[in-house]
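The first chain written gets the first letter, and so on, giving A, B, C and D; residue counts start at 1 in each chain.
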Amino acid sequence: MFVLVNLKTYPCDPIEVAEAVRDVNESTDARVAVAPQAANIASVAETGAETWAQHVDPIDYGSNTGHTLAESVADAGAVGTLINHSERRLKLADIDGSVQAAQRANLETVVCANNPAQIGAAAALGPDAVAVEPPELIGTGTPVSQADPDVVEDAVEAAQNVDSDVSVLCGAGISTGDDVVAAGDLGVEGVLLASGVAKADDPTAALEDLVEPL
Amino acid sequence: MFVLVNLKTYPCDPIEVAEAVRDVNESTDARVAVAPQAANIASVAETGAETWAQHVDPIDYGSNTGHTLAESVADAGAVGTLINHSERRLKLADIDGSVQAAQRANLETVVCANNPAQIGAAAALGPDAVAVEPPELIGTGTPVSQADPDVVEDAVEAAQNVDSDVSVLCGAGISTGDDVVAAGDLGVEGVLLASGVAKADDPTAALEDLVEPL
Amino acid sequence: MFVLVNLKTYPCDPIEVAEAVRDVNESTDARVAVAPQAANIASVAETGAETWAQHVDPIDYGSNTGHTLAESVADAGAVGTLINHSERRLKLADIDGSVQAAQRANLETVVCANNPAQIGAAAALGPDAVAVEPPELIGTGTPVSQADPDVVEDAVEAAQNVDSDVSVLCGAGISTGDDVVAAGDLGVEGVLLASGVAKADDPTAALEDLVEPL
Amino acid sequence: MFVLVNLKTYPCDPIEVAEAVRDVNESTDARVAVAPQAANIASVAETGAETWAQHVDPIDYGSNTGHTLAESVADAGAVGTLINHSERRLKLADIDGSVQAAQRANLETVVCANNPAQIGAAAALGPDAVAVEPPELIGTGTPVSQADPDVVEDAVEAAQNVDSDVSVLCGAGISTGDDVVAAGDLGVEGVLLASGVAKADDPTAALEDLVEPL
């Protein structure tokens, strides 16, 4: 299982969470990574944790002010990127452009979407993975794998129907190891986490609990 | 073949073009329709021409100022709508929401996209049809069916791969009957037109030339 | 006082409300107008009610699909337009462009904004009027003139400081004649209304109550 | 004079330009600073050059994925930020929110705009400075101070009319010291530069030429 911890713009110490991610990753079969803000990618990557961007723009080198260039986050140490997170929704043409920009910079890509139909659409753009996150469950503490297992199974089917090479992740409300196991039983290959780890008093303990049953 | 004449915000007389659409539709096996601005839908529909909206928003009845409600354009006489035209690109989640809004109002749906990958994505959202329009050819007078036949054939294949019930149209630069025939030979079931008819001195003659070889 | 009834995408009969607006306008010293959706402007204007658009785009005649051209809503019968309503916020450059487009089409302009600082900014773009509507009060039934009189007075001051020719309106939660009188006492020359009239069982009675104390 | 070098997403070495900015700043009366991409702020700030962000979002700590938090760029070493650059235009309400976010994080603020009317609007939001950059001149090599001196003088007047505490900068096409002197003669207190320095073979020499006549 792939466990990606999204730090959003939480008031956490990104280095502390990154070190927890690095340490727990070494002690488990799961693959654990962290996605800090762009300004923190370099310092987070220096910890040795697998580091992801939260977003890249559909642009190339050139006259783009205030944008996130895939090559720049890659140079800073990112190895992958989220695209079209529900807190950073993009136009269809720009998701396509961002996937292409990320692939150009050798970043692994996870395109997020809200429901199975949009997951099928995201899979058609050829990313490495898609992630279904029902917006109404994000930040609730109610895991998608329990609150709406059908949406996860339907998302897996929708993605496979379009492109069987595209992995499926899920997110929203996941905070315990049982949630991750339940998600895996529904057919996904990974999960997106956020507040459960990023806001924990002890991120290492939170992550250890999470990967323990895997 | 389905021939949809998009009036955009051209300085044309929408009633004159609508009457041409209505008259030519009656004299040909092709199906000819017209898409005026929202403010002109009611008067255009009164001509008896098949009338489409250029866009509907991903909304329901409620507190939405300055939006286009699917039910309102349907009540005004529209029977279908374009969604995600390259001059009105939407977020992926909003294309999904606009398709659902249009279906709720019994509007036929054509989702536009730039290239075969995006056409596959659009098809995954379950519209009646998708339309591939390479942005670099829009308004050039160089027909997509001639300038880039591969993109049309690849779009047909991408859509069928995702959902074989979704029709495929194409657009960009189409202005003659030969262009339409060539498009049909590439596997599409219709075309999007704009300036070739809307800006013609004699829209009826332009449309008659267009459908003559069909 | 200017009373503008915004129909948003409410499930009301726009003709019924327009007839109420027309009739009440004739029986009062206040100026009463109605802003339907673009698709309903022509039929609403035919009632004889003063008709406004809810939005116009910062465009000219040309290749713009799914947009609202100022000239088209003017041709359909609108005499004014809202711009930058909180449900249709625009980029600063596009507010400027929309004001210019509306002026080109001889539409009266009311630019909405959330607070006194933004009201000053809106006034700097040279519209006929600005309207302060605190987003947190919209649709609450709690009138801005009572819940937050300071924001109204500060907005009047901010606009006058920038351009004393720009009128100031206010909106959010206004539903009674006392609310309108209170707003006038704070220095505004008009109010924006919506659900209080548009969703009333008897729009004429609702409007008569509203203008009675004026 | 304040000289801010915007690195956009140019294929330059941000450290090399930053070192040039730092060195030239020490040898001149002008104040010279550099605005790299968010992912490079920390490493650029470590050179000792005065470092700016290219953009901050109108957000606070919380659930915001793929956004730029003012506090995060300040923690990484930025002391100021551009807002509403023509390549990253924002909604009016979001410019207001971004200015407030930047002030909360003690970042100096420069709000960009296209013309004198928009400059007046930007000044009404209370930033430290505004910068007029006619979009049609950006990247042309034709300096705004020469191609359109009226727009600069009118921008100075528009800003002072609204808030005399707000400084005015200008940008677009500026690449020589004479351009900067000419801009100063028109009443501005600084300039925005980009390709003239960022793409120079020898950024130090380019900057030295630029500040030499000051």
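Quick note on the criterion: contacts are C-beta pairs under 8 Å (C-beta built on N, C-alpha and C of every residue); 3 or more make two chains touch, one makes a residue touch a chain.
In this text, all values refer to a predicted model and were calculated from it rather than measured experimentally.
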- prompt: Out of curiosity, which chains are bumping into both chain C and chain D?
  reply: none
Field: Smallest number of contact steps required from chain A to reach chain C
entry: 2
- prompt: Using mean CA coordinates as chain centres, what's the chain A-chain D distance in Å?
  reply: 33
Message: Can you work out the whole-Å distance between the CA centroids of chain A and chain B?
response: 36
Query: At what distance in angstrom does the C-alpha mean of chain D lie from that of chain B?
result: 43
Query: At which residue positions does chain C touch at least two other chains?
result: 86
Message: Can you give me every chain pair that touches, using the contact definition above?
response: A-B, A-D, B-C, C-D
Message: Give the list of chain C residues in touch with chain D in this complex.
response: 84, 86, 89-96, 113-115, 117-118, 120-126, 158, 161-162
- prompt: Which residues of chain A touch chain D in their complex?
  reply: 6, 8-11, 37-43, 54-55, 59-69, 72-73, 75-76, 82, 85-88, 138-139, 194-195
